[in-house]
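Data first, discussion second: the structure below is written as structure tokens.
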């Protein structure tokens, strides 16, 4: 009888094992029957051609495209407040700047302003406005509206908003209405990149009937009275928000859009669906719940989609960069030899190929490649230059037995694959035999706090551009007091002087030499070590067209189309 | 029914592995746990690679002779990660069990032995916490104090203290009036020695049942914390972390990462569940 | 006389982790139509197991090892599914020991009747079934309004009346009463026994009365089978058995009955305990407790044999 | 003890239990050294701003005053101001998130009960190997991380079979309920709202979204139900009244369902209350996995933003819900049992 019982139990175990094996076999079978992913990268570069020019009229288009993202509007879609990637991107589709970028380039083209000029002293910029433009609710657009919008930014003065964030509050002195359709900005000092700032959402005009002078417009559920924008290609028709987290956003074509006669937007309705993480976004794309996945699929996902005929992978230059930061208050990182040794020992190919599967590019300057005035300044160190690194470490007093030991901290829940980056850095540095790295991680909010409290030694940060200009890749990292948001405590009078010059010079050959000096100085002092620069990637159904990914990082819904 | 009293040798042979109901479950459970713990302890000696080292193999390569469990997204060896991956999750669970047993049992003993209003108040507090979900409280505590093995263990422990308290209390109340305790009282033994010498030994098997359930739950809660990003640092080799991050690779075809790590978590929780089921059967043979 | 139930060489064991417990050992017995057969013995002698075996209700870990039970020529033990289900209740009904727990606590009495009757007789609708129920309740002396009550609203004796009413509802041939009055107090016990007696005649039933109470058997039975350790050790007419018990165990049982009218007699109890069924003594299983045991008793197990006076005894003394 | 006294005692006992739980939450959250407002403004820490928000949140008062305020606020349904974004009140956010969690809880409990009781009865009815397998299912499903089950379901049904949505609660604008006699009824339970408004398409839309999450969570919880149903069934199946029923020749179906199950099911009801804790923990994970914007995901999000009041508010809300549910289930149990019902 005892035997009998054992039989029963073991029979059950056998059944369980068989079930598990069957499930496993099913998964294996299903995977092996899907088309194998190939390593060859089919670069489907930005197809900017619009459907009307490439197709015959017999093809019909869908009037709705569903976009999936893991982003979320962090607080509001008010240009006085929104200073996060997705909030800004929605404003770029619901609103319009005085000037804008030509899709696919960083060339500034007329938008709400038809022409502009700058005074000889470089301190007064005058814009001639497009006439007859109306907000979605019919409110006319004119110079008073522009002045109202800029004055409102000053009045609200949100410390965490975009206006103060890029320093517009210190750049602009006042706004002057010259006539109904002409407006001038008087600046405190000549600013070479003011036109780029004019294309930034902080200077987007808002609807005075929706946006009160002294208050940020919060969204409480009314799409008609709580969208301060209204000059862009789309209007907001539905926004499902729950507990500060987006669920779905519906946009529809703005009938009053100034460029509507040119056939924009291409697709009448845009639906944006929000996902908690890349895994759910990926699943939704595969299950057909979304047509386009943009920000943020994992490198593995993207690799899997390349070569899959059921999907189209779109890539564009990325202006997102990531870099290593030293806090010079933490010994021994006040020693330039130590910083340089680390800069030399880092192996970018390990990060690029192993962590990101080749989907990012190695970066040798804080100014990303492809941007004006970029110089590969950090190439002087090379990659995994162990001999040089060991030499520098010996000079600093370290050896195989007396190792340089420190903690590298990385954030979680904010950037992609930071654990892999940190591990790659650790492995490369420890190859010198003279460095021992401890890894630590903190959730993003704690991480920022620890940074501000000077508690971290070596850490990782990333940067998205506010406006497309080298200035935005130097000045924020290198404040005169060495604090800023990075807390490097790196202070160098020459650097401060060079950055001031870069701000006020508008001659491009002069700028080139100034930025070259800045980049070389960063390399030789190594307060920061650039690691890599991202590539913008979107994956869509093969029927989708019109995705333009360029250095501006603006995702333009109004160019999208999809065949039925 | 006759009550069995504690004797170490009898306990080992009869309670742990001895014949009787639920033996198959208990033996299976203990084997699983012994296997997993041994593997975790000797991981440095048996692991073929450094579990944290990236780029050991190609990324996301399926199981092959050189990488029997495949590799993950960074080209780390999954076999090594599986071998190492039990260390922290089991350590957290073990610490949690240790903490709440060493708080819950003495409180239960004292409170129920002393009785009166004190017992009533303590019971009320314990009852309030008893049905509270461990994950929620753990999320709350970790959100404030940050993640570490000890914080996670503490967070999980808080919710489980009442389980020990309740089982100890109900047993003590029934034992308290028994003759040999009365006899010990009369012979002038003090309260503490009665509690720990006479009462504690006779309730140890009930405590073991609670502890095994606690173990299984702690493992699942730890994995859950990993899943919502409040677990241990992600660079540690850990089953929960591999299962969480493996999910991001799953839809692209890397099933081996979640299959191996998920199975290990399941096995660990299953091992303890089997033991508790076995003991439950032994105590109540009807449910066989 | 017609034999209604015939048990042949029945052996039943309980298979536990601690070993095989032999509850019934090679037992044979015939029950004649219309008689009341008493089966007596201490607890653990296998009486209740025998009752369950007759009903085909043995559950694991109990199992029939050998033997057969013929009811009207059909072997109950080889019956399956519907066949045996239709036999139970319809042909053979059972009355249980504890009326407190033998009724479904979440069902009204009327529902007990209705489902019982309709599941056995397809051509009877609920309405007619209820009529039968009313009639049966009346015949056991309970007012029919109480059909709408739940079991917990009845007293123990009333519940046993309900159980009896239920058992007789389909007019079965054979009634197995397993300690029907043990759980009741003495006054109620007498009422119930009276009721059973009356109904037995009214419905011309065959009754197997299982009890440990020698007094109840003396009152009710035509014949008595004495069980010890899974075997029948003595079987004879009730009067003869009481007047002249043969087997030492039977003697012991009878001597342990307190008699009101004979206080001078010394009350004797059987020394020792019934043996562990997993470890039954060799030879006569009663020998360790038997005052007359001799060598043979320890080695050879006596068979139940018909003695010259027509009585069956399993003992080497005769 | 009569039913009325029982319920009364139970209700009275619940009050201090809720109170204790709320106090624990309060003190655990306050042991944190430093000012939570500082955590929020890591970057541009303007002392004046911090002072004003500290005051606004009442964090400048002595601890015991804060405690009194906290309890007082709770009585008025006020869970404080969120520390992220615009300091909006937490309570309305929680209420807007609650239906999603409730809907998931209802359907997954339904799945768990059907699966658990079905398998439990099947095992007892068949015994032998089927029963061993079911018993093992009960243990394994309890030991499986809920998100592991979810992953497998998402891959199989969402990606390979393309039959069910793998995330969210609804495609498009959720159903708005119905207006009856000037009163607008909107439960926030999309499946119910769509039925109320008679929109069958909307019902299919919302129902298809809830299928996978509730199966994932339901399967995991069903383990407890299988085990408890089996144990109770085995206990009742040996009960005298079941043997008596068999002896009356009742059909096996009637015996199992009408006798054994009908009596075994009552204790299962109490388990619904006990497994509620597992359900809530599981909901946090399931909501994260399926992007359901319920309370669980809210909690996780707010932790990430270090939104201290929102975390506290959510935990308090859950504490009240959990205590209430267990109270209601105890009362329901008392009503269901005819032995108590008099």
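Lettered A, B, C and D in written order, each chain numbered from 1.
FYI, contacts are C-beta pairs under 8 Å (C-beta built on N, C-alpha and C of every residue); 3 or more make two chains touch, one makes a residue touch a chain.
For clarity, every value in this text was computed on a predicted model and none was experimentally measured.
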Item checked: Chain connectivity with chain A absent, coordinates unchanged -> one piece
Next item on the list: Between A-D and C-D, name the chain pair that shares the greater number of C-beta pairs in contact.
Entry: A-D
Checklist line | Most central chain, Cα average position | finding: D
Next item on the list: Let me have the rounded angstrom distance from the C-alpha centre of chain A over to the C-alpha centre of chain D, please.
Entry: 38
Next item on the list: Could you give the separation in Å between the centres of chain C and chain D, each centre being the mean of its C-alpha atoms?
Entry: 53
Item checked: Centre distance in Å when chain A and chain B are each reduced to the mean of their C-alpha atoms -> 43
Notebook entry, point to check: Which parts of chain C, given as residue numbers and ranges, touch two or more other chains?
Noted result: 17
Notebook entry, point to check: In chain A, what residues contact two or more other chains?
Noted result: 5, 9, 13, 27, 277, 283, 286, 413, 443, 446
Checklist line | Shared interface positions of chain D, touching two or more other chains | finding: 140, 154-155, 159, 238, 288-289, 304, 306
Check: Hey, which residues of chain B end up touching chain D in the complex?
Finding: 124-125, 127-129, 131-137, 139-145, 216, 220-221, 223-224, 227-230, 243-244, 247, 250-251, 255, 258, 262, 265-266, 269-270, 272-274, 277, 284, 286-288
Notebook entry, point to check: Which residues of chain A touch chain D in their complex?
Noted result: 8-9, 11-13, 15-16, 23, 26-27, 30, 74-76, 159-160, 216, 218, 238, 240, 242-245, 247-248, 250, 271, 273-277, 280, 283-284, 286-289, 413, 443-446, 448-449, 452, 485
Check: In the complex formed with chain A, which residues of chain D make contact?
Finding: 39, 42-46, 49, 82, 84-86, 88, 93-94, 96-97, 100, 128-129, 132-133, 135-136, 140, 152, 154-156, 158-160, 162, 165-169, 171-174, 288-291, 293, 297-298, 301-302, 304-306, 310
Notebook entry, point to check: Which residues of chain C touch chain D in the complex?
Noted result: 52, 55, 57, 59-60, 85-90, 93-94, 96-98, 101-107, 115-116, 119-120, 150, 152, 163, 166-167
Check: Taking the complex as given, what residues does chain B use to touch chain A?
Finding: 24-25, 28, 52-55, 59-60, 73-75, 146, 229-230, 233-235, 247-255, 259, 263
